[in-house]
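Each of the next two complexes has chain A plus one other chain: chain B in the first, chain C in the second.
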Partner chain A sequence: MSHAHSGKLHFTFDGKAFEGKPGDTLASALLRHGVHLTGRSFKYHRPRGIVGLGAEEPNALITVKRDSARVTPNLRATQIELYDGLVAVSQNRSPSLAFDVDAINDFLSPLLPAGFYNKTFMWPRAAWFKLYEPAIRKKAGLGEAPTRPDPDHYSQRFAHCDVLVVGAGPSGLAAALTAARSGARVIVCDEQNQLGGSLLHDPHASINGHPVSEGLKVSVEALQNAANVTVLTRTTAFGYFPHNLIGLAERLTDHEAHPNPHQPRERLWQVRAKEVVLATGAIERPLVFPGNDRPGILLAEAARGYANRYHTNVGRRAVVLAGSDAAYQSALDLHAAGIEIALIADVRDNPTNEPARKRAIAAGLAIEDHLTVLGTSGRLRVSSIQLGKVSDGRVRAHRRVRCDVVVMSGGFTPSVHLHSQSRGTLSFDSKLGAFIPKDSPERCRSAGSCAGVEGLKAQLNHGAQQGALAATACGFPIDAPAMEADTFEGSMVGFPGILPANGDLPPKKAFVDFQNDVTTRDLALARREGFESVEHIKRYTTTGMATDQGKTSNLNALAYIAKDRQMSIPEVGLTTFRMPYTPTTFGIFAGHARGDLFDPVRKTPSHDWAVNVGGVFEDVGMWKRTRFFPQGSEDMHQAVHRECLAVRREVGMFDASTLGKIEVVGPDAAEFLNRFYINNWSNLGVGKCRYGILCRDDGFVYDDGVIARLATDRFHVTTTTGGAARVFAMMEDYLQTEWTDLKVWITSTTEQWSVVAVQGPKARHVLEKLVTGIDISPSAFPHMSVGSGHIAGMPMMLFRVSFSGELGFEVNVPGRMGSALWEAIWEAGQEFGITPYGTEAMHVLRAEKGYIIVGQDTDGTMTPDDAGVAWAIGKQKKDFIGKRGLMRPLMSKPDRKQLVGLLTQDAQSVLEEGAQVTLEAGLTAPYPMVGHVTSSYFSPILNRSIALAVIKGGRAKMGETVFIPMPGRDIAATVVDPVFYDRQGVKING
Partner chain B sequence: MAKHAHAPRVTQPELDLSFIQKSHQGTRYIFRGDEAAKLEASGVLGVSLPQQALTSHSHQGLSALWLGPDEVLLISESAEDLKARLAPMSAVHSLVDVSHRQWALTISHPKAAWLLEAGCPLDLSLKAFPVGMCTRTQYEKTEIVLWRRREDCFQVEVWRSFSEYLEGLWAQVAVEL
Partner chain C sequence: MLLIPCPYCGERPELEFAHGGQAHVARPSNPDTTSDHEWANFLYFRKNPKGLFAERWRHARGCGRFFNAIRDTRTDQFVATYKAGEKPPVEGV
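Entry: the complex of A and B
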């Protein structure tokens, strides 16, 4: 707030107030206050400090809280941009970082080796779910999930470009600038808040004769001003998907003290790039030695970064562990920043006088060779380091050096995560001692240090070349410019694996993977337990897993395993890198798909009317359908009871607009339907309807619906609500691939028509008041007729059909007239006591008549005969979809499950849908089951329970007693015909 | 009762969304038939039914949009009865009235393409998706017909019950314009 322009940012860490400066990360601000201790380790709860500078940070995982709903765990302190008022808390400790009761795990660590959790807590099984798992989760968890709905807005977008450059360090910038000059569409992204990468902490560098700060400014402006370039900062390329689709997570507001609540917090970019240039840099490796995880021990390049970029000294007196020449450059920069260099301990086998080491010697820094580390001291911060001397392969104690910080460099590992995610192969660069990208099946190339290229000048030129190649490859030919650069720098080559030590077993507490608390002893144990494959070792020890993905640990683990087995690193092999590169929020993947935008909410014409009268809705696919219309204090049972009786005795109205509708037109329309549905359609007269059944080619029922013949060459097909899209797709599929000879075309008309079903003995009375242009008398318009006319002035297509078993009509009007139609029928029906009814009553009414619902009474394994609708099959037809499937012998076995009715012997006892059916009572599980209940209701008109069920050989069991086992009792029921009401069909023909 | 309480939609500012116009003006038909039928219909209607994929033709308020090799969306701004006009055709074909099936949502904005790229995976740059191009595609979970009328104007044809969803999504994305 007011502090921001005074140049001070106030923040708290674990409740304690601190000050930082604009441009700080949480890590740089804490380090400036001497705070290294920022977390407790995952398994042993050991105190841990900041190790890195950016995404590679394995230890300092932090929760940032804005308010009770905005709580983000597992952020890296090195990536959290400071803002005024930031509230940060450490994780994985109780009650505090300095005193953690679970640190007892550290003393018990000999009892907690790799695989401990898997082995110890397996049995008894029930205890795993109730006891062990929740307790372990709480102890071992990484942060806590927020408990309230996320109030933030997450956006998503698609983008297309010629060249995507991932990473804007020296190589990425050179690639982007070169590609941009070609005229290609370029997107360049970087996970940091500004472009520049390692150049941001390399004040000695000059590019083409200009100081680095100036060169950087000019380059960034050139990119930002180019119309063909999109620059994305704070944007992590977290995943490489097939066909050059790259997922980018752009963080828009996390760095702001007062984010605009209307703006998205993050934005997911799905970028389809013709060519990708990966310039993802290299990550420095820690050294592996006993006690290497103590707070105050960090990477040399990170310490250099804090000094040069953030003007933060990580300590007063440093010991530099040089496993690479680059460590000397860090020592020089720390020395220049005012940190006392107590000693540079070179741990390499054969240190040579590379450039940085030469400068360190010239600067008079204390250097000793052939050293190793035997241990470190200091409870919550390193206070001294015990060094050993290596000679003739033996280690002997050398001396203890006091210090408040140890910086280490084991060399650099090219960051090949995205290349690996692209299914790219790697090759081992023996000079570098690391894997570098080889081939990728995708159109991607790596540039600069992630490709193993050393030295600023070489990296810039390599970047420019890869940028030029990428642009040229997508039709924008350009030559790479030659670039000049100079800086002080060391080589990336380093020391992989564990520092020399005596003894058969590796030393204790020499951590390979800080984040997953994996030591060299765990790796040794994995070998003793017989794990050979590096993928198995990864899973057994958890090294390289989870949010870290082995950024700092992979190569050290491989080098250790290789040495242990006397193999080469390439022989050991490398595990696969998984996405995301760094943790990504769930919100960014959900995007706008939340609340009432999670899915389309499809509303029917009667929707608003139903809302006004207090209708209760249910989801049917994406549709909101009224389930029942309660009056007064009615519950569902009472409302459905009333609605059902109204339809049976008076008249009801029902919104049937959701049924799928397909218009089938052409001279071959009848022939097409003959082939498609099981029924015969040739003999259906114009103006008539028929109930149709559709099978798949395996002979199982797929959909059903009434089909009307509007003209010789025009049919109106209805489908189930849920089946509309798949039936349409299946028709189109057959027309395009199987029956290209047929002159027939289909068009979806589901939403062209609004439909109100008017059902009940008085249905005709209601419609007679409204309908013109068509005679709807029983003789002129019998059951299963269709005709056109007008209703209340609206053009109408009228079907005389019934899914209730009563005299029934379905009135179709042009879609936008649906609510007017609903109102008109409601008005006209008042004098007949018309009752709106919902899907629940509709289900009861149809079950009383034994009408099936495809998908409820059928399950994808039922033939028309199983479902009791074999009568629909056109016996004279040569073929239809499913005919040959139905000819298989198993399809006509007498003991197939067949649809029957069930009447419980206690008429008031309503069965559970899905309950199993047995032939005997009093059985103990497991027992043979002969079928299951598919539909079950209380029938108001029959004043008793009814159910539909599928039972093996059910139609031969009419009158027999079966049992439905429920907890504590078996319910007896009698097998009956599935038509419970008006079996003669008197009412439907009324 | 409603079974699940919905998570709230995020807060939204008052936005001027008048650059999105919703209309069902005119009549709409799906014409299906082979090349010869399309040729004959073109002669009758005075607008060429496209033979080339992803193209459209308009003439005097009547537009024909290619949706598939044998499928054309006809839009008559003056609400002509095309069924009557095409009745005399000799080539077999299918003509189905879909005037009530869909809405036209027209987005006129300098960043119209940017708005649509939030949910449509296609490349909507002018080079890849020029004026006059049309396609049946996806916007998040909805099928749409997308038609570029001008550089900064797209017409989106969407089935009636999906339009609220689409408008709701655009209201969210519009805060980023």
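Entry: the complex of A and C
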């Protein structure tokens, strides 16, 4: 836009207007304006400034707001690309960054040690949810979540490649270029907006005799122009999943001033790679000393990056704390950029004249050895540093140095996160003082500094070698080219742990983990309180547990714990690295699966008809089923009342298409069902059906349904709506792995048949108008018959079955004809007052008859006898699934919970499903509970409440009074037979 | 997401499969003469090794077949997959 053309980008930070330049991050732009203070710390609300250059940033967590719905908290200022109009807001402060009332926490910090919240806010428990937690969340928040739904969309895709290279610094580029030349399919990704990694801020480097900027340009163009290479920038490899599946989060629009609303904001890549090359670099460690968290104190490599890449000086007068030779490199580059180097304070035990230090001496920079830090000053920005001198293990005060910035380097830690996520093992490199990758069960290799390789030339060659090995392993043999490189650089070796200090206790306010406000005192406290495992110390102190996952803190914490306990770092061990590498949006995982696309919806044939007449739906699995059909101003109770009475007195119609259906075919079909269901099927005649019960081999009821014999070798099996898939899978299991001798084939036909149940005294009258080719008179087609014919011209399979206790039919037609069937029955039923009814009335009607619903009246611990359906067992059968299980002694104990009916003594009082049952009233908890209510309704035909319950030894308690304790009262009920209506079964045979 | 070599279809993503628990747990052929103890072992007792584990998978959204696999539970790497009814190709699982 216009500002971009003029080379200026306008943005605001906490409402104040600033200018930046194209290519800036929010951090580089703020630092150019002298703004270090960017946040308040998590626990103590201490003022905090920018520490890092990229993903490692622990402090500068920022909320970016585009509008009220597009609010993204916890972004690292070091990774926010500036665009014109950016609105950035700091977090965790009230009312402003410079004045934060909660900073009182800092003065109270002796009272807020590790484990403070666990210890203090335990009791009373109820107060935790109502009082403590909301208050703590408010005080300890890391940003706020947006309050409106995310208006952006996110896409997802799979990709396959031969070689995936993660990270495009020197090693990653060399690996990708080498693998690309082999002809292998290569994907290379980098979290930054351009390839290059550390080369982007290393102007002194030359590669194969060319200046770095030129070499980088050629390399990037080569990759981008290669047909076999996919280059992904702004793409973070956040997780390493089994079998070389890598999750990549590609950010597409967050850097744009005016994103195209039709473009996805982010894209999830699930990349399945034959070989992975990890070139994820190394992260500089802060030094641990009192007051090391003051704004203006930052990592030396970061300061160098701001100077060289962003032409931003982080201050005017710097003190350089050298815990590594690399610090001298930064000092030289800052000096060259015009920053006064007040002093290079070398804090190492035995500084040697490594290359960068030699050059610093040659450049005449002021250097002092054997120093330590006693403290820092400056309210919102460092203004001086108090140095101490170390001799013979004692520290004495040395001198105070005025400065407006302190840059520190504790050496570099290889980024082994993804290697560890691959379940790779690590080994401790004692020269480097850090963990490096060892073996991985995955086909992955680490290249360059993340593998502990030091020096640009070595890193380039290592990258090329790993790229060549990876390509060769995929069948694209290639030799690694020899690379030449030169730069001014220091070693990665550094100073882990806390700087020397006097005293038994570690000094105050020496922060190990900036983001979670963990100090060395907290780590010492954890040891005194008995925490030994590093995993326990991590959770107790929360070190390494914040959104930065301890990128800058883990090794310093380990080094401190090791020293404190007089162990070696490998003996202390390392906590597990977990995904994601950097915070990842929920949107990218949801992708398009939100709103209407969240889950597939299964609709019944009568769906549109039901919508038109105002039916109310409920979700049953993925199905939308009509719960009731209200008329006029009816509520659910009134509608269900009317629907139930219509079925009992006239006729009702119900969409039963969701029932699971399986066709079982083959010469051994009957034998298979004999073994599978508890019933006997050999004696079921063709054209007849029977209610079947399925158990598991433990003897507990698993599913039920009506099974019809269509031919000697062909059965139509129905299952519960929710059980269709698992019953089918169980059939396949036994057929494929246990009874391989049986000649049986099964097919799921749930969607092939649409089913309308027509139930009630006038059901036959309705169907007689429509049915041809089959005699449905009571004598020709009695209860539990099945036959074929036509209905309204449609081919039909007709069942005479009832789940209501009335004369009933279930009409099956080919799936696509279901809507026409529904309409035809509706039309034909008009003269008989046909009433559509929903699942709620269906439940009441079946409960009036004591018919169980598997999963509601049974719970996976009920035998057929418990459920009152032991009559179904084919007792002559040698074996069936569950038979042996039912022979176990406990399965026939008389005090098992058995299905019974309950009649409340107050006929209008409807029990709550799930309520407990006791034998006495007026008990105080805990009291013995003998069962619970499984189904409970008001029965319109009986004009009273009914319930089904499972009660210990219930069938021996007929006529006895039990109690259902509810708040403030016990409801008395009488134990009765579970069949409440038409016990003789007159109506069903009508 | 695992990449599972179905013995019938080749390598397919885990999305297409259903896990079927420990392999080679045969249902006793004469349940009547099986003791309560043996039956309880068949029903409830399963291995949970750190290391090689013989397990069942079903290519539920592919060919539909059950098959067996040897997987290292420490690393999720498959050592072998083989058809139901075949002996495990690795000793001691």
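Everything below uses one rule, namely that the second predicted complex is superposed on the first by the 988 of 990 C-alpha atoms of A that agree within 3 Å, B and C clash if a C-alpha of one lies under 4 Å from a C-alpha of the other, contacts with A are read in each partner's own complex, and residues count from 1 in each chain.
Heads up, the rule we're going with is that a residue touches a chain if its C-beta (ideal position, glycine included) is under 8 Å from a C-beta of that chain, and two chains touch if they have at least 3 such contacts.
The shown structure was predicted, so the numbers you read here are calculated from the model rather than taken from an experiment.
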Note to self: After the superposition on A, what does A:G815 contact: first (chain B), second (chain C), both or neither?
What the structure shows: first
Item checked: Touched partner set for A:P600, first chain B, second chain C, both or neither -> first
Notebook entry, point to check: Taking the superposition as given, does A:P261 touch the first partner, chain B, the second, chain C, both, or neither?
Noted result: first
Note to self: With both complexes overlaid on chain A, does A:V979 touch chain B (first), chain C (second), both or neither?
What the structure shows: neither
Notebook entry, point to check: Once the shared chain is lined up, is A:D879 touching chain B (first), chain C (second), both, or neither of them?
Noted result: second
Check: Thinking of the overlay built on chain A, is A:Q270 touched by chain B (first), by chain C (second), by both, or by neither?
Finding: both
Note to self: Under the stated touch criterion, which partner chain does A:S155 make contact with: chain B (first), chain C (second), both, or neither?
What the structure shows: first
Item checked: Which partner, chain B or chain C, touches more chain A residues -> B
Margin query: Contact-wise, after the overlay, does A:F241 reach chain B, chain C, both or neither (first, second, both, neither)?
Written below: second
Next item on the list: Touching chain B in one complex and chain C in the other: list those residues of chain A.
Entry: 270, 272
Checklist line | Residues of chain B that touch chain A when the two form their complex | finding: 1-3, 6-13, 24, 30, 32-33, 70-71, 92-102, 117-123, 125, 128, 140-142, 159-162, 164-165, 168-169, 172-173, 175-176
Checklist line | Sites on chain A touched by chain C in the complex | finding: 241-245, 270, 272, 423, 441, 697-698, 729, 732-733, 736-738, 740, 878-879, 883-885, 888-889
Item checked: chain B partner contacts - residues on chain A that touch it in the complex -> 149, 151-153, 155-160, 185, 261-264, 270, 272, 592-603, 616-618, 622-623, 663, 665-667, 743-753, 814-817
Notebook entry, point to check: Where on chain C does chain A make contact in their complex?
Noted result: 1-3, 13, 18, 20, 26-28, 31-32, 34, 36, 39-40, 42-43, 56, 58, 60, 64-66, 72, 74-77, 84-85
